[in-house]
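Once you scroll down, you'll see the structures, which are given as structure tokens.
Two complexes are shown next, each including subunit A; its partner changes from subunit B in the first to subunit C in the second.
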Partner chain A sequence: MPFDFTLIGRTVPVLAQGLYLTLALSALAIALSALWGLPVVLGLMSRFRAVTVGTRTYVEIVRNTPVLVQMYFIFFGSSIAGYPLSGFTAGLIALTLQNGAYIAEIYRAGIQSISKRQTEAGLAIGLTPGAAFRIVILPQALRKVLPPLANQGVVIIKDTALVATLSVAELTFQARLLADRTAAVYEIFLTLALFYIAITSAFAACMRLLEWRLRVVQ
Partner chain B sequence: MKFASIWKMVCALGVMGAVSTAAMSPAVAQGSRLDEIVKRDKLLVATFGTAPPFCFTDEKGQLVGFDIDIAKLIAKYLLGDEKKIEFITVTSEGRWPAVNSGRADFGIASTTVYPDRALRVAFTRPYIDSGISILVRKDAKVDSVAGLNDAKFTLANLSNPQMIDRQKRFMPNVKVLTFDTPSAMFLAVKSGQATAMQMDSPVIDWYAANNTDLKSLPENLGNVQGNAIFMKPGDFTTWLWLDTVVQELIAGSRYNDYVDVYKKWFGRNPPPQRFYSAAEKK
Partner chain C sequence: MSTAMFGTLIVSVPLLMRGVWITLLLTASAAVLATAFGFVIASVQLFGGFALRALAEVYLYIVRGVPLLVLLFAMYYALPYAGINVDPMLGGALVIGLYFAAFMADVFRGAVLAVAQGQWEAGRSIGLRTPRIFSDIILPQAIRVTGPPYINTLVMLVKGTSLVSIIGLADVTFVGRQIVERTLAPFQIFGGVAFIYFVICFVLSRCGAYLERRTSYVH
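On to the complex of A and B.
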């Protein structure tokens, strides 16, 4: 049977059933990763060596293992331990642990890119170290990290497809079921790709808008 | 500018689709795949790596199983050597593009014949009977399908719609988890994420025999079904040859080879060559 373009129209409603879970998982994973990145970056930049070493170890472990392996580990491991987590929760934890580590590195690069003299200047006009960080460094760093954060957000959205292997009925899961029923793999995965392009484009556009709103007019 | 580049991507995908339409049209195909295989002197076969005892990976990392042995017999009949074969391992839904894209000559992967599948791939006649059985954790204290039909239990399905249809028909109350490989289903049952799993009877029997904490329920779900070899439709020469080989294996001149492989994996004799006794000389 040749490439059937009418099938694309028929697959859209079925895929749309998975859209909600993909959007929910993406939004939660992006928000939690961005939050989790904060304590991690504080750990990385801590004055206490034990904290730095501990945080660095964590970052290296999660960055150097596939997120799919982490998902399996959490999903099946949790039930062997007697506290079975749902596929959604296990996937969310794995995505947050991994991407939180990446985002912490993005934060660190952003903070370190602001010259030390800025802090010194803040201290010179009588700010406390905390206030100098909050008022002088943070707003500048935030603008610098927005583009790489947007990039990481797109990575997270695409990685949510992996939870299909943990029995979460999101977009990719629906597409695989449909592909298995009809064997019309090209049509279905083409439609699936269009869904992801739509989601990631919308997300990227929002982040561009945010960047534009927060820009410094010179 | 951003949107312009997105449109370019969409158009490129469209062109890819159109190209694959042209490539998939039977009118374009010259000669049969069979000639190509003989010229290449090697068989390319799509299969699973995780569905014991049909096609799975043993401790040494070798693909083994009933389906693997049948595929090797086919290589022997066609090319004179069972080693002239290369296996391509695929996932449940990856079976169909593996043959339709031409990456594999045919697929043999614990695959049940269904009418909707037959719209997209060409099946030979079945080379083995298959039913659907249930593997259950002994600690769940369940002895029947009816007993399993309870919201406090979880059933692991493979990611194909027939699994869902059967579950809705026989166990509408049970909770469901869906995985893309039989080994992930098995891991779910073994780890306790699921209470039970449904799968082809020989697979379930194999798991039950190899795990003391698991057992198979005595009832089967639904009908006796057939597992068959599948290939890209439209190539009559190749299909006829494969179908003939299956016929010769299960009931004809190569039945003795079939008996050997069947006994090796299932520990018993296959169904007889004929249902009437006249064919056998006592």
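On to the complex of A and C.
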């Protein structure tokens, strides 16, 4: 079967119908995961053993099970439980639970990478422990956290493709429908791949720009 | 634990185990492929000429930007049209292996770069050639730091194999979904499926920790 470049031009508008859902789900999942990572990292670094053990258990469970199975668990489970969630919502919850745990580990590594002396120096000039963390540690940790956070964001964008199995009409779902109808598989999946490369590249570029803006000029 | 609560899960165990077999087989073959090809990519990145390095970068760029599911679909839909009838099991292992090879390459390359530059210079100063320096000085040190990220990537690979259920391979996720469609017991069944993955990944992590202890220096 020959490759037909004109088909790519005709595929783009159809896939673009799914673009909005992919972008919306990616943006929401990235934002919610980054937020959800905060209470999780507090739990991981808590003084209370019960809290640490509980949070650690949660992190190990989601990190060692596939996000697809979590999506099925939430999607099919919610409808049996009598509170049916849409595929979009179930996917969003699963992505947030999974990636929030990874992001919490990123936060933890960022905070722990800042020397303890920084806190001590803050305390020595009379800051309260809370203020020392907010003013001294956090801005430094934030810079360290950005590159791995960007990587995790790309992982989230790629994982949004999984909600296609919950009948959410995003990019991959549209591509699959089109492939079933037209059999122009090479053109369709090439276009689909280019869509994802464009989204992940744009996201990575934005994050690098942010890193550059927040850099310390020495 | 009452049997009433887990009744459906307990009677489903034999069926699920057939899926586990497929998952393990797929994991093992994809892991071998990912390790071998990842090693090749890392070597090209570190020692290859300009053209080969550019090729490796393009490959990594594509794999990092495109979801595994899209690559699996591409394989599943496109190959039959190209007149290639590949066994889905083989195709799945191939795509997953080649996909995670990109992440393995990062692990291996990072490990080699983590060895201090002075080690190369030390090797050169006692008159060794590059291949000898690499195999006798750099590699043994690099392997020691490869353990944890290598195992992390393997855990990602195990989780990634669950996507083959979408292209119709009867792995443990696929079997779980079929059982749920008939029994309407998603919490038990998907809970059980998640537990199976957890055990596989947990065993892998333990092996990794053991290997790390065995290969690390005694301080």
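In this section, the second predicted complex is superposed on the first by the 218 of 218 C-alpha atoms of A that agree within 3 Å, B and C clash if a C-alpha of one lies under 4 Å from a C-alpha of the other, contacts with A are read in each partner's own complex, and residues count from 1 in each chain.
In this section, a contact is a pair of C-beta atoms (placed from the backbone, for glycine too) under 8 Å apart; a residue touches a chain by one contact, two chains touch by 3 or more.
The structure displayed is predicted, hence computed values, not measured ones.
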| message | After the alignment on subunit A, I want to confirm one thing: do subunit B and subunit C clash, or do they fit together? | response | clash
| Of the two partner chains, subunit B (first) and subunit C (second), which one does A:Leu32 touch, if any: first, second, both, or neither? | neither
| field | subunit B versus subunit C as contact partner of A:Ala205, first or second or both or neither | value | first
| message | Contact-wise, after the overlay, does A:Ile80 reach subunit B, subunit C, both or neither (first, second, both, neither)? | response | both
| Which partner does A:Leu92 contact after superposing on A: first (subunit B), second (subunit C), both, neither? | neither
| said: Under the stated touch criterion, which partner chain does A:Ile111 make contact with: subunit B (first), subunit C (second), both, or neither? | reply: neither
| task | Considering only touches as defined above, state whether A:Phe173 meets subunit B (first), subunit C (second), both or neither. | result | first
| query | First (subunit B), second (subunit C), both or neither: which does A:Thr182 touch? | reply | first
| query | Can A:Tyr196 be said to touch subunit B (first), subunit C (second), both, or neither? | reply | second
| request: Superposing the two structures on chain A, identify the stretch of subunit B from 76-84, 94-102 or 238-246 that clashes with subunit C. | output: 94-102
| Is there a shared patch on subunit A that both subunit B and subunit C touch, and which residues make it up? | 1, 76-77, 80, 164-165, 176, 179, 183, 185-186, 193, 197, 201
| List of subunit C residues in touch with subunit A within their complex | 61-62, 64-71, 73-74, 77-78, 81-82, 155, 158-160, 162-163, 165-166, 173, 176-177, 180, 184-187, 190-191, 193-194, 197-198, 201-202, 205
| Residue ranges of subunit A in contact with subunit C within the complex | 1, 60-61, 63-70, 72-73, 76-77, 80-81, 154, 158-162, 164-165, 172, 175-176, 179, 183, 185-186, 189, 192-193, 196-197, 200-201
| field | Touching residues (chain side subunit B, partner subunit A) in the complex | value | 2-3, 6, 9-10, 13, 17-18, 20-21, 24-25, 92-94, 96-97, 100, 116-117, 119-121, 159-161, 164, 176-180, 184, 187-188, 191-193, 233
| message | Considering only the defined contacts, which subunit A positions touch subunit B in the complex? | response | 1-3, 5, 75-77, 79-80, 82, 84, 87, 164-165, 167, 169, 173, 176-177, 179-186, 190, 193-194, 197, 201, 204-205, 208
